[in-house]
Amino acid sequence: MRLLRSLLFAPANRLDLLRKFPRLDADAYVIDLEDGTPAAERERARGSLSEIVAELRAARLAAALFVRVNAARSADAARDFAAALDLPIDGIVVPKLAERADVRAAEAAIARAEDRTGRRLGAIALIETAIGVTNVDRLAAYWRARLVALAFGAEDFVTDIGGRRRADSREVLYARSRVVLSARANGIAALDQVFPWIQDSDGFATDAQFARDLGYAGKMCITPKQVELANDAFSPSVDEIERSRRLIRAYDDAKHAGRGTIELEGALVDEPMLRRAHAIVAWAGEAKPSSGAASS
Amino acid sequence: MRLLRSLLFAPANRLDLLRKFPRLDADAYVIDLEDGTPAAERERARGSLSEIVAELRAARLAAALFVRVNAARSADAARDFAAALDLPIDGIVVPKLAERADVRAAEAAIARAEDRTGRRLGAIALIETAIGVTNVDRLAAYWRARLVALAFGAEDFVTDIGGRRRADSREVLYARSRVVLSARANGIAALDQVFPWIQDSDGFATDAQFARDLGYAGKMCITPKQVELANDAFSPSVDEIERSRRLIRAYDDAKHAGRGTIELEGALVDEPMLRRAHAIVAWAGEAKPSSGAASS
Amino acid sequence: MRLLRSLLFAPANRLDLLRKFPRLDADAYVIDLEDGTPAAERERARGSLSEIVAELRAARLAAALFVRVNAARSADAARDFAAALDLPIDGIVVPKLAERADVRAAEAAIARAEDRTGRRLGAIALIETAIGVTNVDRLAAYWRARLVALAFGAEDFVTDIGGRRRADSREVLYARSRVVLSARANGIAALDQVFPWIQDSDGFATDAQFARDLGYAGKMCITPKQVELANDAFSPSVDEIERSRRLIRAYDDAKHAGRGTIELEGALVDEPMLRRAHAIVAWAGEAKPSSGAASS
């Protein structure tokens, strides 16, 4: 699976922002036809979509490129599918996924486009309503062959449930934990909530580090600065890599001596910790280690 | 849906407490035939139920009036149904709802009473056992046509699971989050746990503010002081209303300029936040804004 | 149900550690053929299993004795079953339980052994993968007749989901809460995660106290010191017992006066708190009260 540490959104009607994509470091990008684009601007944005996608491809945008369509069974969605699915994109982001009927609507449109173009499209599903979280296990299982990732949308979820967002995100700990669990149980990556306080880099880093603790692979981002912070938080730090290498060496020595557990730096180490250490070291080969500066 | 910020319980055998209801500000009241009334007192309390309900109605109790019966399939419950369901009350509170058979027992009794009296009765279901929390999705979906609210009972839940209550309620964060999710996914209001430390107003306010963050509409209360605190916590504060109005104005300006996102007071605002702001402002028209004095 | 405050693991190839069992105070012991024993050592460990079990029984090991086998449908598991199930043990610990097929494989082996030996075997299931947590309700319900306990394995779970362990365990609060809920809803005891930082007694005690708040009956232990700390944390303290006795006395007095609720030490007390107090006092008759020294 490709790295998905950072998924940067920009509104489909903001060509100025979209044109910056090729100069940024996100692992994937989203042209947003949904909430980021006012309803009155959407038709025009759909009209310019083909051109901006061509322009980004010509500029050799290396990362994956997605289009966020409107909720699967809305009138807007049909127009979004028509405008987006035949373009040279990597897939779509489907918001407010709640019922199997949403999956079927999106899947039918995607499959027809694949037949027409011969290209393969992925999907990222946003789980961000009370019904979506309730149904997340069956939605993930039902659509796992298509899904690149499940993403948890805290802002919409809290709006839907009638709550309020907290800086510490304790009000969404249950839903956020449940979404990553469903994703991982189905072998899919999980993408964490948007952090809306765009000036607060420390807050973003803390939120991202905890998301990584939970098992999230990356974060939805809304500014280029957040992309940097996310790439950093979702990469192993130099310190993590060194600790992992020490652990692997010590454990291998112990195994040769017939021991399956060792004490290392205060903790009793056995198989699961060894597997985590191997995963960190393997990953360090793919991702540039982070400076650790953004770590909490 | 009517406001349900505060649901005040008093034991059915405590006429002194029940007679205070018309002078208090709760959004709804409960005459409690279950845990608040000793088993030895219940028969007498049932005998006086008709009279006290008539007295409260004569005193022009404006708010909704409920009777808490005993657990749906108990011997006590049948006697409670017989004593309560033909009275001019708004509905019943059903404790320890755990299985569909509990719903069927209560529903059958309620439906027969409605046929007899021609009046409509609502139900509030208490989810407060390990089995109840396990089954909460199917219980809420099965009984949603009747339910006014789902309530989470932390004291009984922790007793049933064999744990201990903590002041920070972290031990029930999972169950409390799951109950509000089931309620909201089924379009039902959710009522939060009792706060038993009746002298601790700050503790109550903190607990209630977090419940509101989670999506709870109100709280079960056991003293008149808790009613005041709950009404305050579950109403938008003057400050919240003003921030919401600023957000709506700024977002409308942005939309006219073709923008679907704006930066406001440190956060990038888009559709879900706008919807929350509209909900606050609409709500401010119904509920008297709270002073915010009890806010954490 | 027997007390299960502490379940001490030692690797099957570490006869030096296993021979210490009869001098320790754990409520149950596990000879570990899985992660604690290197794969290369397992065949030899199986060969010595019969002898060490006989030795421990001869040394009058009073507590329950289990063998942890390898994951139910692995090649190792079949060899583990063959080596362990006919021995005079109390049961097996099954790691990484994830699907009903795992239950069927283990159950078939156990049932055949019971037929051969005429002895009854229990099982403790480890829930420690994303799929295991997803399926925990149905696994517990399906195997409840055999299960002595469900145990939550945080290290393996976090490895499987791709996260990182935190000292405060917030990253597993959801899964840890869900496992104890499934266990209790099925009338089974729950055993809490291993605490790997073996030098940190305060950290262990805090972790154990919170596990008890959640409803866990005990903890998996990896050192004799952890056994002492777990026995202490999962027993009522002298202070808890005294408070419970005061509560019961005060509540009985109130009941005789026709009251179903009382105010005691700042809290309004009703039935669920009374039941918790009775459970503490009954338990105090079985377990030696803890000093409370290890309490947070």
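Just a few scattered comments:
By letter and in written order, the chains are A, B and C; residue numbering begins at 1 in each of them.
As a working rule, a residue touches a chain if its C-beta (ideal position, glycine included) is under 8 Å from a C-beta of that chain, and two chains touch if they have at least 3 such contacts.
If you're wondering where the values come from, they're calculated on a predicted model, not measured in any experiment.
If the chains shown are joined wherever they touch, the resulting network links each chain directly to all the rest.
Of all residue numbers used at the contact between chain A and chain C, under half are used by both chains, marking a mostly different-residue interface. A rotation of 120° superposes the C-alpha trace of chain B on that of chain C, rounded to the nearest 5. Taking each chain's centre as the mean of its C-alpha atoms, chain A lies 36 Å from chain C. Residue numbers of chain A whose C-beta contacts span two or more other chains: 173-174. Residues of chain C that touch chain A in their complex: 11, 13-14, 34-38, 40-41, 130-131, 133-134, 153, 155-156, 158-166, 170-171, 173-175, 196-200, 222-223.
Listed in rising order, the residues of chain A touching chain C in the complex are 137, 173-174, 177-178, 180-182, 184-185, 210, 212-217, 255, 258-261, 263, 266-273, 275-276, 279.
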